[in-house]
Amino acid sequence: MTAPVLRVSGLQKRFGGVLAVDNISLDLAEGELHAVIGPNGAGKTTLIHLLSGALEPSAGRIVLDDRDITRLPMHQRVRLGLARSYQISSVFPNFTVLENVAFAVQGSGGVGDWDRARAELESVGLANSADRLASTLAHGQRRQLELGLVLATGARILLLDEPMAGMGPEEAARILGLIEALKSRRTILLVEHDMEAVFRLADRISTLVNGRVIASGAPDEIRRHPEVRRAYLGEEAPQ
Amino acid sequence: MRDTLYIPLRPWPTFGVVAALVLLPPAMLLLDLPFYVVFATRVLIYTLIATSLNLLIGYGGMVSFGHAAFVGTGAYTVAMLMPAGIVSAWLLWPASLLAGALFALLIGAVSLRTRGVYFIMITLAFAQMAYYLVLSLHALGSDDGLTLGARPSLGFLDLNGDATFYYAALAILLGALALVRALLNAPLGRALQGIRDNETRMEAIGFATYRLKLVVFVIAGAVAGLGGGLLVSLDRLVGPNLLHWTESGLLMIMVILGGTGRLLGGVLGAAVLLIAQEVIAERTIHWPLGIGVVLLVVVLFAPKGLSAWLPNVSRERSNT
Amino acid sequence: MILVAEQLLNGLQLGLMLFLLAAGLTLVFGIMNMINLAHGSLYMIGAYIAAALIEASGSFLLGIASAIVGTALVGVALEMTLLRRLYRLSHLSQVLATFAVILIANEIVRMIWGSQPILLNMPPALSGPIELGGFRYPAYRLVVIGAGLAVALFLYLLVTRTRAGMWVRAGASDREMAEVMGVDTRALFTVVFAIGAALCAVAGALLGPLLAVQVGMGENILILAFVVISIGGIGSIRGALVGSLLVGVVDTAGRAFLPFLFRKMLPSVIASEAGPAVASMLIYMLMAAVLYFRPSGLFPARS
C-alpha cells in the first residue's frame, strides 16, 4: 500500500463564530478519484480553498507527499503539483482562449510553449475556439476552458469544484468524459452535485455535512449508508 | 494564431515621428522660438514619467496615486549630489533611477499587500508622508527647495545648451520606450497583464503575483525617478511641490487621458495635456477652464482615451 | 491639562466638520460606486455663497441657509447633467471627469471673486470666549461643535430610522438588490447627492471664519475626507464618523503636542524639524496602519 500523495488531518476553519470546516481528515491515494459530496453550505468549497491555499486553516495539517504545505502560498502549491478549478468560471475575459491556456502553461514553466497550449486546448475540445476572446464563450465552453486551465498547469493533483455546474446534459456528458479520461493518470478530488457522475467516476466518496465528514468509503458503502441518506437531502442517490 | 498582447513596431510611422522630433530644435531656431525647445524637453520628460505610470495603471492594473513621490525622490537625489561635488550626468541620472527604484521597493512592498481602492489610498498616504518630510527638512531646503548652479555635464556634450539637452532627453525617452515595449512583449509583461485581468486566477495557475507586481512597481518607480532627475537638471531647481498629491493626480490624468494599456498612452496624454495647457494659456488667463472642458469632452466621447484613435492591430503571428 | 482639553475640543470640531464632508463622500462612493473628486468643490462653493450672502445681508444664519440651498441646487444640477453619465464608466474615467470639474469650478470661482482669500466673518455675538469649567474656549468653535453634533444626530436618525434611510443603506450594501426590490435608484442618487452637497455647504460655511475662504480650499480638505473614508470603510456612515473623529483628534493633537514631545526626547537639532514633519504625516501613518491590518477599513459596508 503506497503512501497517500495528499494527507489532510484535523483541518479546521473558523469564520467568527462559525466552524465552516470541522476537524476534517482524509487521504488521497495516487491516481485515485475521490469525490466529496454534501448539501449546500456543507463546507466543500471551503475545503478546496484550504487545500489550494486560498484560505489559511484555523487548525490542522495538509501534507503533500512528505512536505507540510499547510501554510504554503497558493502559487507554490501549484508548482508542487496541486491545482484547483473554480465553481464559478474564473478565466481571462480579455484574452483569447488560446492565450488563456498559454498563461496556465507559462505558470508551470512552459514559457512561450504555444504547441503545448494548443495540445491542451485540443484535449478539452476547444481547439476550434482558439482565437476567440474568452468573454465571448457560452457557459458550457467557459466550463471547458475552466477545466482546460487547471489541466494545463500540469498538476498531478487536481481539486475540481463542481466542474459540471450549470450545464445541460450534453455538455455535462462531455465534461464527464474528459474527467473519466483523466482517471488514474492524475489524482483528483472532485466536488460535485451530479450524483450520476459521482457514482460513475469515484473510487471513494466522502460525505460532508456541516463541515464534518459523516461517512467515507467505496461508492457502494456510501450508497447504502443510513446517515448519508438521512442527512443529505439528496433524493438523487441512485438505487 | 491571434496574439492580443504583442506590441508591434511599425517602422514607417515610428521613423516619421522620430524624424519630426529630431528636426524640432533646428525648426524652432529657424522660427525664432527658442523657448519652445525647453518646453518640448519638459514635454518629453513628462511623457517618460507618464509612460512609467501607464505601465502600472494600464498594464498592471495598479492605480498608484503616489507616483509623484518617485519623481521627487529622483529630483532631490540629483539636487543633493550636485552640490556635494558629483556633476557628471553619467552618475547623477543613474543615481536618480536607483533612488526611485529603492523608494518604490519600500513603498511597494507594503502597498502591494492591498488591492483596489485601498491600494490607491495607501500609495497616496506614503506619497503624502514623503511630501511632508521633504517640506520640513532644512537640508532639503524646506518650502524653498533646492537650486543648482548649472546643469549636469555629459562629459563631451554641454547640457547647458538647450538643444543638446533636448536630444539627450529624446534619446532617453526612445530608449525607455524600446525597453518598456520589450518588457511588455516578454513573459513578465504578459504575466503582468494576466494579473491585471484576473489576479486570483494567475495565482491559482502558479504565478507569484505579489513578486511580479513588485518588480514592475520598482521598474516604474525607477523610471519616474529618472524623470525627476531630468526635470531638476533641466530647470536647475526643485521644490516640495513636485511631490504634492496634486502632481500625482496630474500624472494620473495624463495617463487616463492618453489611454491606459496602450504603449503610447502616457506619451499621448502628457503631450496633449501640456501642449493644450500652453496653447490655451496664451489665449486666456483662465486656461484651467479650457483644460477642464477638454478633459470632459474626452471622457464623454472617448472614454478609452486618446490612444483609442490610434490603429490597434491584433497581430497575426505565424512563427509559433 | 487645560491645553489638552482645548486641543481635544479643537480635534472634535475638526472631526465633526470632516464628518460632514466624509458622510456625503462615502455615500456617493458606496451607493453610486463613483469616485467624486469634485466633492471638495461643493464645500468651496458653500463657503463662497455663505460669505457673499453674509456680506450682503449681515446675517450669519441667512448666509448658512442660502449656502445650503444654493450648493444643493448646484449639486443637483451637476448630478443631473454630468455625473449621472459617469456612474457606469470606470473609476478612472470618473477620476478624470471629476478632476475636470475641479478645474472648472475653481476657475469660475476665480473669475467671480478673484484669487485672493475673501472674508467670512463669524457672528460678532460669538466672537468671544466662553467659560468652560475652568478654562476659556472660543464660543464660535463651541457652536460649530454643537452644530456638527446636531447634524450628525440628524443624519444618524435619517439613515437608521426612516424608510428613505433604509433605502440608502440598502443601496450602499447592494445596489442591484435594492433595484430589484423596487427602489427608484435614479431619484435616490440625485437626492443622496443633494444631501451630500448640503452637508458640504454647512461645513464650508461653518469653517469659513476659521480657515481661509480661497480658491483651492476644497482640495486641501478633500484629501482629508478620502483619508477618513479609507479608515472608516467605504459606504459606512458609522465608519465616516469614527474615521473623522479619529483623524480630527489625531491631527490636531499631533500638531499641538508632538513637536513639544520631540523636543523633550530628542536633541533639538532633530526635534525642531522632525516634530512638525511627523505631526503632518501622522494621519497618513494612521491610514497606512489601518489599511495594513484591515484592508477594507474599520467598518466596511460592502459584503
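By letter and in written order, the chains are A, B and C; residue numbering begins at 1 in each of them.
Please note the rule applied: contacts are C-beta pairs under 8 Å (C-beta built on N, C-alpha and C of every residue); 3 or more make two chains touch, one makes a residue touch a chain.
Just so we're clear, the structure is a prediction, and the values are computed from it rather than from any experiment.
Trainee: Report the most central chain, judged by the distance from each chain's C-alpha mean to the global C-alpha mean.
Mentor: Taking the mean of all protein C-alpha atoms as reference, the closest chain is B.
Trainee: What pair of chains is linked by the most C-beta contacts?
Mentor: Pair with the most C-beta pairs in contact: B-C.
Trainee: Among all chains, whose Cα centre is located farthest from the one for chain B?
Mentor: A
Trainee: Using Cα averages as centroids, what's the distance between chain B and chain C in whole Å?
Mentor: 32
Trainee: For chain A versus chain C, what separation do you get between their C-alpha means, in angstrom?
Mentor: Roughly 49 Å, centre to centre.
Trainee: Nearest whole angstrom, what separates the Cα centre of chain A from the Cα centre of chain B?
Mentor: 44
Trainee: Which chain B residues qualify as touching chain C in the complex?
Mentor: 57, 63, 110, 113-115, 117-118, 121-122, 124-126, 128-129, 132-133, 135-138, 245-246, 249, 252-253, 256-257, 260, 286, 288-289, 291-296, 298-300, 303
Trainee: Contact residues on chain A for chain B in the complex?
Mentor: Counting only chain A, the residues touching chain B are 52, 54, 73-76, 78-79, 83-84, 86, 90-96, 98-99, 103-104, 106-108, 111-112, 114-115, 130-131, 133, 149-150, 152-153.
Trainee: Provide the residue numbers of chain B that touch chain A in the complex, in ascending order.
Mentor: Chain B reaches chain A through residues 1-5, 187, 190-191, 194, 197-198, 200-209, 320.
Trainee: Along chain C, where are the residues that touch chain B in the complex?
Mentor: 37, 82, 85-86, 89-93, 95-97, 99-104, 106-108, 110-111, 219, 223, 226-227, 230, 234, 273-274, 276-277, 280-281, 284-285, 287-288, 291-292, 295-297
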